[in-house]
Each structure stands twice: as structure tokens, then as C-alpha cells.
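Quick heads-up: structures coming right below.
Each of the two complexes below includes chain A, the first together with chain B, the second together with chain C.
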Partner chain A sequence: MLSSPHRISIARKMLLHKKARLAMSLSAMAFTVVIMLMEMGFFNGINDSQARLATYFNADLVMMDMRSIHLNKYATMDRSRMMQAMGFEDVVEVVPVYKALVGMKNPQTGLTKVIFVMAFPPDSNPLGFPNGEQVGAALKKQGTVVFDTKSRRIFGKIELGQDIEISDRKYRVGGFVELGPNFSIDGTILMSDATWLRGRWDRESDRIAYGLLRTRAGSDIPALKQRILDRLPKDILVLTPEEMRRREVIHTIKAVPLGAIFGVGMVIGFVIGVIICYQILYNEITDHMPQYATLRAMGFSDRFLRKTVVQEALWLSALGFIPGLAFGYLLYAVIEYYTGILMFLTIGRIAVIFFFTIVMCTIGGLIAVKRVTSADPATLY
Partner chain B sequence: MNPSAPPAFVVRDRTAEPSIEMKGINYAFGEGESRKQVLFENELRVFPGEIVILTGPSGSGKTTLLTLIGALRSIQEGSMKVLGHDLAGMSARGLQEVRTNIGFIFQAHNLFESLTAFQTLALAMQLYPYSGKEFKERPAAILNELGLEERMHYKPEKLSGGQQQRVAIGRALVNHPKLILADEPTAALDKDTGRQVVQILQKRAKDEDCTIMIVTHDNRILDAADRILKMVDGYIVSDVVVSDSIVIGEFLRKSRVFQDVSPTVLAGAAKEMKLVSYGSGEFVIQQGETGDKFFLIRSGTAEILKDTKGQLRSLGTLGAGDFFGELALLKDEPRAATIKALEPLEVFILPKAKFDEVVHSSSSFRDQLKKEYFT
Partner chain C sequence: MNIPIARKNVFQNKKRAAAAVSGIAFSVLLVFMQLGFLQGARTAAAALFDRFDYDLGIVSERYKFMGAPDRFDKMRLTQAQVIPEIESWVNLNISNGWWKDPDSDLTSELMIFGITLDPGFVHDPEIRSGVESIRKNNTVLVDVYSHPGYGDLTVGREVEINEKTVTITGQFKLGVSLFSDGCVIMSNDNFFRLTRSDPRKFNYGFLRIKGDADPEAVKEKLERVLPDDVLVFTREEMIRQEQDYFISVKPVGVIFQTGVVVAFIVGVVILFQVLNTDISNRLNEFATLKAMGFNSRFIYGIGVKQALMYALMSYFPALGFAYVVFHVVHALSKMPMDLTPGMAGFVFSMSLMMCIISCILGLQKVRRTDPAELY
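Entry: the complex of A and B
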């Protein structure tokens, strides 16, 4: 058969012919695409959310106690360690960051919920907020806190200038940032290191969680990191923010079973897709058995028929992917809004799901092909 | 036809390669205990340009034979050569390739509802590497011939049953196959379109030497046929070239033996006669055998030999138009002489039962015979 422009594409015409049936088939395909998008979304969302904090660090290197397994479970270290880093030539600034989980009272309900506190020098902008200056200005005032508006709604409606109670002490809300929760923490509140050290907390509150190191422009950061590790005592870790992020992702995948669960969910979604695609094509072929038998009688090869079926599978996957993607995109936004889990699509992620969709339909098509080659032309007379 | 001209069988060019040649074809469905044989020792030769009609009651095996000729089923037993291809023992792939040379017209059109008439024909053309120009022009030309210019770009749902059938016929014709196998091609067509289709088929047969085999009951096609094959219970019981049966009647009527037989009976007998070939030197009947057949020579010559007291004597020769073998049938006696072919011989054969029917059909004929043979 020539690949001439006059080739009649039976596959495409058959698929598009009956509008009602086409709508059903595309809906079914879109459904499996949505399933896979959701599973991937949750899988990535958990990883992205957990590791999110690491990506915000506005520093070249971060020092932490070597017992810090991951962002939500960490050990604190002595400030002096961080100060020792100042002795290195390339290090121009060190920023202490305190972290703790404390109880905050919901101003409307009066119920106390656990919130994440981060404290640091007001002008240091350790997390690289776009409104870092305003945050700094607000935190300078003693007893003022800055609230993460992306915290879960369990903390109530927080207004600027409002007084809120944290660990039985009153603090004033001086500003807002956008950070986002994850599976372990429901919200974040920021305060200056001075405010923090004044308060009564259950922890060894003068020990820091992180020591941010900022280097001179043009410094060889990996070399510096190695020098620090070599010279300072072995009770610390020094990592770049990117390394922190990666550690976080690996930890989440390995330690948190949720990652595996959604991975399995995706495989199941894939298999469902294969079955649905196979069913759709099988029915299509069955409805056209006399036509296919006639093609075989006329002398069309089995290879031609198989090609037609696989072509139809590919059209199905391509056309079904579009509404699936659109609806999935919508669901992502809804889920992110309500749960705070980071759900977003990149070109790469879309490409991955598209690839799976094509493979899924091709497999379904290849299984259905057996049906078409069983069309017996001898029975036509 | 000139009534005063002596009757003569149409001389056929038997040097051409037959488009269909089968011998010893047996076919059965099922296996073991449920094995049912449907075709018995079918033998047939069809030449390019012939329009052959296949008739017979349902279950006679005619459609099965058609599927074997059309390479839709594998040959089980016997030899089958179609358009020069030896089908016996051919792989499924091989059969599929043979089929690209055959045009199939099924009773159900089986059109793709998503394709227009034009596209249906263009799809069929994809079996061959035509130029882009042909892809654009040929479907239109054929659909024009079939009277479908107006409906060319309509899908089957917008076409009547007769129009759909014509599209299916166009699909079978579009690649100008050398063999067309059809099952009731004119069933859904009215008088005029039916005639149109028959004319197109005749034109193909005449201009392109296309062989056409049709299973049908349509009288219009009957008139256009060169040959009529009748099958009963898996046997080809008669294979009559239409023009031949007319000439047979004329030859028979020349003799006093058959003079008073009614034309209807004679025509019926002519239709029942089967054409058999004998090679040079072959014996057609042997002296002393039981007589069970009546013979009329179509072409070639044969010698009459009689064995009297151990000596074989030639009593003369027979040629086209001569008949023999009636004596043994009438008198219920063994053959009185031997007939041997002197050169390749074509003979029409009528079995005893049919012969008796003819004989008993007219009392005057019987009396005539009695006078002829028993005095």
C-alpha cells in the first residue's frame, strides 16, 4: 500500500462516524487519563509539598545537626557551630533559623491547633520571600508574628493587626506570607529571633534548626562545603538547598508509604485504561465484522487490518487525552485549593502521561486485533 | 440465426488458458463423525470472457464451490487453478494475494457506513499502486456508469438499497478484475438499473475477457449468460453452454428418432446434457457394457468398432452433430459396438433416466421408435 495522500483512513472515519458513541469512548478514555493524572498528582504533590521548604532557602549552603533526617523531623544544634563557619573566608554571612511546633488558638473557635514556628533575624529573609522587606519590617516589632496565608483553615480567619494566642502568650499579626502546608504541618507562623528567644517554649529554644551560610560571589561552593565538613566536628551536615530538596524527596519515597500507594494506583489506572481501550475497540470491530470480512475477501492483508485497528487505538488515545487533561487540570486546582498539597503539571509530566496513554491504547488495540483477523470472508456468501 | 443454414456448434478457441480449471474437487465440512461432504468430484473449465450462471437448490453446494474458486477457502481435495494460480496447498497469504485479482459481489453489500460511495471505491483501489490522478478519476467514472453521479459523495445511510448495491458492485469492478464472482447482484435493483448492471458485466466480459460467475435466479442475467451450470447435492449435474443447447436441439431434431418430441422436452433434455472431453484414442463406450448414457458429439471425430467373432472391424466414423448410444438404452441391451475417439473429442452426455423421459414423452415418438428399431 502506498503512503499516498489518497489513502482513505478508515480508522479515523470509523471512530468519528457515530457521534454519541465517540463521546462515550472519549469519556471513557478521558476517565483513565484523569485517574493517572490524579495518581501522579498525589505522588508528586506529596514529594513536592514535603520538599517545598528546602526550595525556599535563600542561601548557598545550609548547616544542620547531622541527626536531622528530614525537614519535619530534625534535631537542633548549637549556635556556636554556625558561628564557626564565619571563620571560613568565603562565608560572608550566617543566619540562624529556629524551628518548633507550638500550639496556636483559633481565634474564632478557641481550639488550639499545632502550628509550625520559624524564627530568624528580621532582615535576613532566609526563605527568600518576595515581600521579604515588609516581613522584615513587621517582625522587627517585638511580639509581632507573620502568618502563612496558605496554612490550613483550621487556624481560623486571621486578620492583620489581630491578636492571637500562641502557647498561652499573645502575639500581634503584623503581616502575611505564602508558604503552604504539607502532610505533617498544617500551617506556619514566622517571628523574629528576638521574639522567639523571649518566649517560654518546651524546647531548648536557644538551639537552632538551621544555620544558613551565604558566600561571597564566585565562590566554589562544593569546595567550601568540603572544607567546612573536613574542619568542623562531625556532628553537622552541610548541604546546598537543592541537595536538601533531593534528600527530602528520596526520604518521602522510601519512608512514607503514601508514595508507593499512589505509584501502585497509577499502575492500576494504566491497566484499567488498557481494558477500557480494548473493550471499545473490540465492540467497534464486532460491529464491523462483515465489513472487515469483506476487506479480507477483497484481498486486504491481515497486516492492513491490524494497522487499521492500531490506528484507531492511537486516535482514541490522542482524542481522549485532551478532555482528560483539561478535566485533570481542573481537579488539580481544586485539590490544591482545598488540601494545600502542591498539585501542578509541567510539560514533562504531561508528556509522561500522554506517553502512558498512547502505550495503554496501543496495547489495548493489539489485543483487540485478534478479533479482526478472525473475520472469515468465506462466510460472506 | 439463419434457419436455412445447417446447425453448427460454435467453434471455441480451446488454446486459451482457462481462467478457472478444476478437477476432482471434493469438499467436506466438519471432522470425524460430524463430517459432511458437500462437493463431489466437481470438474469444470471456464474460459476468459464467459458469463457463467450457477444454479441449483439451496444446499446444492454452489456457494461452497464459489468460495473455493474465489480462494476464500482452502482446497481440501482435487486441483483448482484460477487465473493461472494453483490454489491447492496454497497458504492463507497466497490465497489472499490471489483474491486481489478477483471482484466479489456479495448479497449483503457490507459497506462501511462512514465512507461515501466514492471513498468506498477509492479504498478498494488501495490494493494497487495507482497514480493520484486515477484515485481521483476512476471511482467517479465507474459510479457514473452505474448511474450514481448524483450520489457519489453520499454515505450509505443516505442511499437506497438499490444504490448501496450498486456501490458494492462498483467496488468489485473498480480494479478491473479478470474474474468476478457474484451472488444475486441484481436482487435489489429495479428493471432499468438491473439491465444497466447486466450490460456493464457483459461489456467487461466482452471487452476485457473478464470471466463472470454468478449465482442468481434473475431472468435478465439468464439471458446474458453463455453457460448455465446446475448443481444438485454437491454434484455438477449439468453444464450447458446456452448457445450449445439450442444447437443440440437442432441436431437431435434432424433425426427421425427425435423428430416428434416436443420442443420443450427436447430443450429440457439439451439442458441436462453434460459436456465431457475424451483424448485421442480413448474409448467412449465399449462393446458389451451396460448402456447408461446417450451421446452427441460436439467436436472431433470418433470411430465405430465392432468385434465380430474376435475380429475388430471399423464400421465408420462419427463427427460433430452425430449421436450414438441410444440403441442400448432403448432396448436395454449391452452396447453393440465400441466407440473410440480418433482425435480430441467433445461429447454431450445424457444419462439414461433423462433419456427415458424424452422417449416416453411422446407416444408417437415411441411408436416411431418401435417402427425404427423393432421391425
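Entry: the complex of A and C
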């Protein structure tokens, strides 16, 4: 009977019976999906934002001082390491990247705030900007800088051609890029190595923060990395950009109890979801008690009824997930726009939340299922 | 005879009531958690400035927050003394350094605070009692909330800071996980030597003013006397601006505020749904009441009472649960998590708001109850 082509999807019909109530229930489900999405989004968002620079590196390997703990707490290394790296056969180019935190004066308020400066040879495009050539051309002019338009508003509104004051010297803004802030840096300025070396910075300005290694096509990167580590003095680290990103994420998770903070939120969202799902199904079963009793009287097994309820739960998870995802997506965009926290969804992340939603509904369904088997045909009349 | 109709309605189906209450309670708990984290971040951001006793603070004009404090010329503090209301001053300095646990050879990041050894300026009793012990060379007070990688932190132990051996002579509780793995406090003499920073430049100047003077007025005078390269804050402003930086600029605030709003909406939706179901199931009873001559207000009253009962029954367990979770989170993460009466009150009013909104939305049906439809 169950496999008959005229099979009626009882689960769906039961759910759709009262559409207004279903819509209400689904909005509650959707919000629990939103809670989980938000909590996961902030957790990933903070990690991704902290590691953002590593994902931009346009290189095969990144060389840095041993004492560099993370992207914003680093030590510089001697230029000679760069020359030594050039000596490896597979290495075709080493791009020096200088960086420092310096004071920039907000042209509107006159207040100086600390901003992140990065310098490199103009043609090297170390961060793989889509407008890399333009940026390079702009930077070639001595004293010209490129400003990150996603910098926080504390630096004021910056326009093309404007002169800005960094460490008490004037620089002209010759272009823009989009990088974005995080918890450690509020804004970014790029300049050429030539402009950098003429500036008076706090630290020894000819020491480099990163050496970006570009290799011959087809070279064995892990082997090259090992060779460099073996042959060069032990005061350096060599990582692929991906390793660097991962190192950064791990550091962020360890440094701040992010997992605990957002994990608690996720768990609570999940529990609310279970309760809501239970409640929806419980009400649905209560409303349809006579129908379930009739089904039982007709000889359908308890297993069949249980299956129906679990199917309803699965329908709920699917139907609640879609509006939840849509709303969450919107919220991600709004939050990213206003805060600069990188908020994005990947298939994997969507799948995780969908999985949680299914588990959540199944648990709710399994708790509610007991009720259906208490449907007594004798009470029907 | 007065029949508690609302109560009977709520408790008629205990299982359903329990599900409803737990759903609402969890959304209230979520509100508590989000507010707790927000409050925790706020407290942690300015914790240092709460440990000292002063009326006015001086920082560089480039000052951003504790993680990027910048320095000003120590002359500014001498200049400040031309104002007769200034009684005394101390200075506090911050630098990043390295901590090495000699047992594990593990090196960690460290935040080093250098202070003037004047217990009168220290508010925190543990730091105050430790001030005398760090007068000697290479002695430090250590934050017990530092990262576990710091190793054993007992008094008398020798560890390495910036490749120099130092002795722990006392402990305090601060928690700087927003900035570094951990921190120590040492005398300014030790600070400038160990960090090799320029002793002519300070990060913070803390000023004490004479008994009856008004800090605001003295602040204005100072601003007039001192050059533009420094900023003057009162103690409250100092703490507030530190918090604002994290909450608004970074912006930690929006993360938790979003959480509060979403949790609130979920609470409203659940409560609405519960009311709606309850009322739909009892439309006949309500119509009967109407036919018996009870007016709509009476019937609304039942709905409102039910909503209120759900809200209250959810709030108190959530409050208790939040109290426990706050303690657990604090124990695990060392984040300051305080459930203040203000927070409890705020969430209580939020629960009432949930109740009001869901009543407005959910009680529409009652109006339409028509005795004629009964039969």
C-alpha cells in the first residue's frame, strides 16, 4: 500500500492544512535559523577579517621573521634574507613588503588616529588587486599613497588628489583600493617602497615585514619551502598564504574566547529551534487527533504515524530554512556594510546550518511523536 | 466567586505550557547572554582604568585606545602643575613584550604596564598591596588571568620577560585577552629599562586634584594651558572613551545588539504563536463568555493575563539560568560577566515588551468572536 502510485503525502497535507498558522510557525523557525546563521557568521566573520590580508597575498610563499605571531603583531627581518631567498633556483621573484602602524590626521576633525601602512614596489601588486596596474601607476609618483576606502570613518572622508598628513608629513592620495578593517587595524594606506624609505618611521624602515616569494610555474612548493627553511638562518618562517591564513584564524580563536561566545549563542538558538519545532508539531497533532485516530482505526501502524510526524519535521526544517537563509543573507550584507566585518556564506557554511536545522527539527519531531501514538480510535465518536 | 480563567487556560495543557515557557525562556536567556557579552566587552575594554584612582587623565592627541595609546612628552605633566588645583600626578606606560615560561620554554605575547610606585593612586587592593614589592629591580606583579601558556604564576617564581629574568612578587586580576595573552605590572624604572622605551615619553598621566575642586573646571583650565598635542579626560570620560572605541569603532556592539534584537523577535513570535493557538482553540469558550454578557475588555483581560503569565514564567527561570551560564563562561574564558540588577531590570522590561507586542498581534481574534457562530 505504501508504495502505491496514488500515495498521499499525509505529512505535507497535515502541515498545509492551516496555512496562516503554518506561516507563523515557519517564521519562528526561520528566526532560529537566523540566530544560528548570525552566531556562526560573527564567529567566522571575526576570524576571516583578522586573516583577510593573508588571503590577498599574491604569492606562492611568504617569508617573515620567526617572531611574527600574527598579522598585526610581527617583527621585521633583515633585507639580506630576501636576497638569500632569491638564490633558490625555483624562486623567480621576491617582493619586499614593509609595514607599520603610523598616525594619520583626519582632515575634517584634525584628530590623529593610528592607521596601518603597507609599502611595496609599485609594479609588484602583492595583494592581487583587480586594479593593480592602476594602483601601481599611482604609487610610482614619489609621495603618492593609495587609501583603503573601507577604512573606518574615524579617518574622515578622503578624496582623490587630497593631501593627507601621515606622521607629520604630507602625502597625496592617488587612488583607492578596497581592503577593509578588522579588530586590529582600522584602516590601511599603501605606498611605494621608494616613498616608504624616504619617510621617517619609528622602526628601522629598511627592514621588511614580509618577503613574498613567487616561483617558477610547476615548482614543488612544499619542497621549496623545506629547502629554504633548511638552508637559511633559523630566524625566519616560511608559509604559504593558506597556511598563514589558517595560522591567523587559529591565533584569533585562541586569543579571544570567540568559540565560547558564539557557541553559546548557537546552542541556545538550536534549543529554541527544537522547542519551536516540538510546539508546532504538538499543536498540529492535537488539532488533527481525530484524523490520526481514524488512520489508526484504518489499520495504519504506529510506525507509519511516527514516520508521518518525522516527515512533517523534515518539511518544517526545509521550509523554515529557506526564509531564514534569505533573511540571514540580507542581515549579513547589512552588517558587513556597516561594520566592515567580513560576513559571507559558503556552500559548506550553508550546509552546516542546514544540517543543524534538520537535526533540530528531527529532535523536535521525535519528542512530539509520542503524542500521535496516543491517538485512540475509541475516543473518536 | 472569582475564577482564574487565565491561569486555568495556561495550565490546562501542562506539556504545551512547558514547551511554550521553555521556548520563551530560551529566547530571554539569549537576550541575557548577548547583553552579558556586551557588558563583558565593555568592562574588559576599560578594566585597567578602573584599577586606578585619579581625577584627570592626560594622553597623547593621537590616542586611540589601550592597544594603540601613543606617547606624549613628560614635560606636559610638569606644565600641568602650574594649575594650583593639581595636587599630584603619576604616569602609566604600556608596551608589548615577550613572556617566557622557563619550564616549558614557551614564549607568549605580553603586555607590560609600568607604573609610578604611589599606592595612593591605585584603586585595586591587590595591586596596591603589591606596589611596595616591585620596587626592586626585575620584580613584577602578574595577572592571574593571563593565558595558561604562562605557566606557574606563584609568587617567588622566576620567569623571563624580554629575555631578562624577573621575579614574581605578587598577583592581581585584570584580564587583557582583548589585547594580548597576558600582562604584568612593574615599576616605571624597570619598565623603561626592560622595554628600552624613551623615558621622556609617557602613555598616560593620571592627575589628582585638590579636595574641593571640580574636575570639569580643572580639565578646562588644563586644556587652555597645555599645547594641542595632548588630550585631557576626566576619569569617567577615560573609561567611556575606551569602551566606546571597542563598542562603536571596532564595533563589538553591533554583534551583540543584533543578537539581542533577533532573540527578542524570536521571543515575540513564540509568545504570539502560543497565544494565538490558545485563543483559536478556545474561540467557542470565549464566544460563550461573550454570550453570557462578559464584555470584550474582560476577554482581552484574560488574553493579556495569559501573556503576562507566560512572560513571567519564562523570565525567572531564564534569569536563574543566565546567572549560572554567566559564571560558567567567566570561569572558562575569564571574561568579566556580571549580571547586574540594571541588566536584569532591562531584560525584564524587554520581556514585558514581548508580552505587549504579542498581545497586540495575538488578541485580534478575540474581537471577532461571535456568539452567533457558536451553534
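Just so it is clear, the second predicted complex is superposed on the first by the 368 of 381 C-alpha atoms of A that agree within 3 Å, B and C clash if a C-alpha of one lies under 4 Å from a C-alpha of the other, contacts with A are read in each partner's own complex, and residues count from 1 in each chain.
Keep this in mind: a contact is a pair of C-beta atoms (placed from the backbone, for glycine too) under 8 Å apart; a residue touches a chain by one contact, two chains touch by 3 or more.
Just so you know, these numbers come straight off a predicted model, no measurement behind them.
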{"item": "Touching partner for A:127 - first (chain B), second (chain C), both, neither", "value": "neither"}
{"item": "Which of chain B and chain C A:36 touches, first, second, both or neither", "value": "neither"}
{"item": "Touched partner set for A:293, first chain B, second chain C, both or neither", "value": "first"}
{"item": "Which of chain B and chain C A:285 touches, first, second, both or neither", "value": "neither"}
{"item": "Comparing the two partners chain B and chain C, which touches a greater set of residues in chain A", "value": "C"}
{"item": "Which of chain B and chain C A:268 touches, first, second, both or neither", "value": "second"}
{"item": "First (chain B), second (chain C), both or neither touched by A:27", "value": "second"}
{"item": "First (chain B), second (chain C), both or neither touched by A:152", "value": "second"}
{"item": "Common interface residues of chain A - those touching chain B in one complex and chain C in the other", "value": "none"}
{"item": "Chain B-touching residues of chain A, taken from the complex the two chains share", "value": "1-2, 4-8, 10, 13-14, 16-17, 288, 290-291, 293-294, 296-302, 377-378, 380-381"}
{"item": "Complex contact set, residues of chain C against chain A", "value": "13, 15-16, 19-20, 22-23, 26-27, 29-30, 33-34, 37, 61-62, 64, 67-68, 70, 96, 98, 109, 177-178, 181, 249-251, 254-255, 258-259, 262-263, 265-266, 269-270, 272-274, 276-277, 280, 325, 329, 332-335"}
{"item": "List of chain A residues in touch with chain C within their complex", "value": "21, 24-25, 27-28, 31-32, 34-35, 38-39, 42, 67, 69, 73, 101, 103, 111-114, 152, 154, 183-184, 186, 255-257, 260-261, 264-265, 268-269, 271-272, 275-276, 278-279, 282-283, 286, 331, 335, 338-339, 341"}
{"item": "Interface residues, chain B side, partner chain A - complex", "value": "63, 66-67, 70, 72-73, 93, 96-102, 104, 106-108, 110-115, 119, 122-124, 126-127, 129, 132, 135-136, 171, 183, 215"}
